[in-house]
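Next come the structures, one after another.
Below, subunit A partners subunit B and then partners subunit C, in two separate complexes.
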Partner chain A sequence: MEALGFNMSAGFLEGVVRGYKGALLTQANYHNLTQYFRLQLSSTDYGNFLANEPLPLSTATIADKATEKLVAEFSYIRTNAVEPLATFMDYITYAYMIDNVILLTLGTLHERDTHELLERCHPLGVFDTMPALCVATNVEELYHSVLVETPLAPYFRDCLSAQDLDDLNIEIIRNSLYKSYLEDFHSFCQTLPAPTSEIMTRILAFEADRRTLNITINSFGTELSKDQRARLFPTIGRLYPEGNNALARADDVDSVIAAVDHIAEYKSFFDKAGVSSGAGANGAEEASSSLEDEFFKHDVELNKQSFLQQFQYAVFYSFVKLKEQEVRNLTWIAECIAQDAKDRVNDYISVF
Partner chain B sequence: MGYLFPTLLVSSTSLATVVGLYLLFTGQGESFNVGKFLAESSPYAWALVGVGLCVGLSVMGAAWGIFVTGASILGGGVRAPRIRTKNLISIIFCEVVAIYGVIMAIIFSSKINGDVDNLYTTGNYYTGFALFWGGLAVGVCNLLCGVSVGITGSTAALADAADPQLFVKILIIEIFGSILGLFGLIVGLLVSSKAEEFA
Partner chain C sequence: MSGTGPREAVFPTRMNLTLTKTRLKGAQTGHSLLAKKRDALTTRFRTILRKVDEAKRLMGRVLQLASFSLAEVTYTAGDIGYQVQESVRKASYTVQARQENVSGVVLPAFDGVRSKDASDFNLTGLSRGGQQIQKCRDTYVKAVGTLVELASLQTAFTILDEVIRATNRRVNAIEHVVIPRLDNTIKYINSELDEMDREEFFRLKKVQGKKKRDAEKADESRQGQNEEYRAQGGEVHRDEGIRGGDAGGADMLDQGKDDDVIF
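Coming up: the complex of A and B.
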């Protein structure tokens, strides 16, 4: 039934976003890029977007310019969107806002230069009162002076108990903000009609599970108590509730693997990444980075699948995520070429 | 959109119940009489409502299909301008549905004249009901046909924008959809061919 009325408000934008998606780089493009970076990029949708940049090109410039393109496309769609797509797209930006808030508070804590920090913020998550974040010294102040005006304010409620801003507390704030954000986004998606809610549930469930697993694995050997850890787990996803409970009690990687045992996909990530407690400290670090890669691959796969259904909003979310992955890939390839690490250049995650 | 249908259903049922009970309890229960209604309402009214529904529903289906397809062609055409001419064929398929409706309405209305001595004859009843139900059949067929062609056409446009090879394949599905309206047209023709002019 969704097909009857969807095109009234969002048909044009869906067509546009699918056009943007068609311009994402393919496997063949990436392959050529690894050989001749700049020459090949000009034959793709990026065109000569680096033409006016002074030589020599730095990796940061390439990443900035590519992100700029993503932002331009996003804001074109956002300005043309009507409700409920407009709210849906705003929700996409909240994730970047959270990252920016955390980046700024962390930077302030380590007494970095404010302007430099503001430049490094993701442009999708920019909000008006952002520069004021740099003066906050405790959580209370952070909330009352800056965040109360932003859409993130409701997410902050759970973090107000933490007092000082130190590395651990900021990390806790980041994760509980993200938890509230995912839950809120999820409940918003449930109010949308069928194909959107189904696909977004699938994507957000994976996002939540990924965060739960990451929090658990990264918390081993830190001073984060199990009780605190359990509070950071999003209450959505395929691991919720019994998987989350098992993870909350987990002491080592083996018990994590046991907790995800009943979900075949997640189990295969651990198998492929070769994570086990037997590996030494060095091996574990390498394994967790390849686990992260497996997560990214699955994320890309899920986002690709959302393009298989028409008349739904998930394509807008997926496009942003896929484009972001493409920017990461470009940066990776550029970095590898710049550092002459030709053997690792193929470790990008191809989208199409 | 989601609450509209249940709301309408509930309010119309309760209204009908209230009116029915009112008639029943005030001793006028017999005035709710389907047979009398069918016998006393003018065959002209039936025939003209049929013609109106025929063309109205057909145009609605065509319009619905065109806007669903059109929005997608516009969107897809932003990044792939080559789809715009090819996909006009989807719009034409939708337009054809409205033409079916117009043709049938013309055929139906040729049976209606205003010069009749005794309206309430068996032949006139038959003509009135045949035009009403024939018109409704054509209208509903064309409405659903237009919607189905429109949605397939929108998919065809986006698929063509992504991969030109897919266009012909989806067009075949679209053609099957557009034939559905023809079924209504045939049945409408058969029903109305038996109906004599009002006499």
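Coming up: the complex of A and C.
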């Protein structure tokens, strides 16, 4: 029944997004790119976006330019969006906002000039009142201005006090915020009509699980206590609750594998990544990069699937994620070419 | 003539000759010692040169690996540069200098020390790419280690180079300047002494000749006086002295053996 009214408000934008999606680089494009980077790029949707850049091109420039393009496309859709799509798209930007606010907090904590940091912020997470945060000279002020000025206020209010900003490790703060954000986004998606909520639940569940697993694996051998760790796990996803509980108690990679045993996909990641029970800690370190790759692959897969259904908002989210992956791929290929590492150049994750 | 080369401004005396000979001997010992030192240093220098070459090649490879692992981090975790910079509180990798002695040359040697509590940013990338960041960090620590080693070798290389140059200069100076000069001085003194000997000999001859001539003259004039005196009717006596006369001129010491002297 949703399909009836969908095109009234969002039909045009869905069309635009699908058009953008069609312009994503394909396997053949990537293959050619690995051979002749710049030449091939100009024949894709990226056109002559590098035309005015002075030589020599750095990979950072390429990444910047590609991100710029993503932001341009995103903001075009955002300006044309009406409720509830507008709110949905705002939610997408919150993730980047968290990163930006954390960056500014970091600057304030170390008493740096935060105005310089504005340039380093992710453009998708820029909000109008962000420069106002730079006025804050101490953490207390920053905390209050975050509460007043940003849409992130509920997340901050829920999980942090002004003291926490001072005391806690910045990474813990970031992950607590992200946890609240994921949960909030998830509950917002539940209010949306059927196809959107189903697909977004799937994607967000995976995102949450991925974070849970990563936090668990990465916190081995650090000063992060198990209690703290458990508090960072999002309370959504397929691992919640009993998987999360098991992970909270996990001491090594083996127990992580045991915890995800009942979910076939995740188990296969570990199998593919080659983190076998006998490999021990060293094996885990060796293989974790490919575990990360497996996560990326699955992420891309899920986002691709969301395009299979019409009349829902998940395409917008998926488009941003896929585009982001594409920017990463471009950077990777450029980096490989710049560093003359031709054997690793094919390790990107092709989108289409 | 010897002594045409440069020589020291000394008086050609026997004492100076002895002195200069001692100095020549010292210079020769010094020369051979310095030459040995030079050879030792050169051997060391060659070893270091080879090590520098190896270290530089290794550095190229390691740094390439390191910057590639950074690329991996950027791929998975995004730009973490600022975060890492800010969360560092104290250096986790420090360099300690110690001294090494090679044939009397003090070479500084550097050791990289990785402090134990270097976990300042191990929560970075907690949710994404944490493992890559740790790996990248380890790779970079290794790269820095290589750099430190290279720095130590490079410093030793420069210092040794300078010292070898100085030693070479000294060896050459002794060989080509000091020793020839001392040689020349010795030859000069010798020739001067010879010259003085000859002069002295000639002078003595001259004096002897003069004395002889004077004696003859005196004898002649005395004969003349005697003649004159005799012609006036005087009598000329020889001075007999003690035991003069006929017995005069006998050897006072050779009067036969005394009976009471046993030997």
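As a working rule, the second predicted complex is superposed on the first by the 301 of 352 C-alpha atoms of A that agree within 3 Å, B and C clash if a C-alpha of one lies under 4 Å from a C-alpha of the other, contacts with A are read in each partner's own complex, and residues count from 1 in each chain.
We adopt the following convention: a contact is a pair of C-beta atoms (placed from the backbone, for glycine too) under 8 Å apart; a residue touches a chain by one contact, two chains touch by 3 or more.
The structure displayed is predicted, hence computed values, not measured ones.
Annotation: superposed three-chain arrangement on subunit A; subunit B versus subunit C shows no clash, the two fitting side by side.
In the superposition on chain A, contact of A:Ser219 is made with subunit C only, not with subunit B. In the superposed pair of complexes, A:Arg211 makes contact with subunit C only, with no contact to subunit B. Contacts of A:Gln339 after superposition: subunit C is touched, whereas subunit B is not reached. Of the two partner chains placed around the shared chain by superposition, subunit C is the only one that A:Arg120 touches, whereas subunit B remains out of contact. After overlaying the two complexes on the shared chain, residue contacts for A:Gln309 are found with neither subunit B nor subunit C. In the superposition on chain A, A:Thr87 makes contact with neither subunit B nor subunit C.
When the shared chain is aligned, subunit C comes close enough to touch A:Ile172, but subunit B does not.
Judged by the touch definition given at the top, the superposed model places A:Gly107 against subunit C, while subunit B stays out of reach. Contacts of A:Thr61 after superposition on the shared chain: neither subunit B nor subunit C is touched. With both complexes superposed, C is the one of subunit B and subunit C in contact with more subunit A residues. Chain centres taken from Cα atoms put the angle at subunit A, between subunit B and subunit C, at 160 degrees to the nearest 10. With the two structures overlaid on their shared chain A, subunit B and subunit C come no closer than 29 Å at the level of C-alpha atoms.
The residues of subunit A shared by its contacts with subunit B and with subunit C come to none at all.
Per the touch definition, subunit B reaches subunit A in the complex via residues 1-2, 64, 67-68, 71-80, 147, 151, 154-155, 157-158, 161-162. In the complex of the two chains, the subunit C residues touching subunit A come out as 64, 67-68, 71-72, 74-76, 79, 82-83, 86-87, 119, 122-132, 134-135.
Contact residues of subunit A toward subunit C in the complex are 59, 103, 106-107, 109-110, 112, 117, 120, 169-172, 174-175, 178, 211, 214-215, 217-219, 221-224, 232, 284-285, 288-289, 292, 296, 328, 331-332, 335-336, 339-341, 344.
Residues 3-5, 7-8, 11-23, 193, 310 of subunit A are the ones that touch subunit B when the two sit in their complex.
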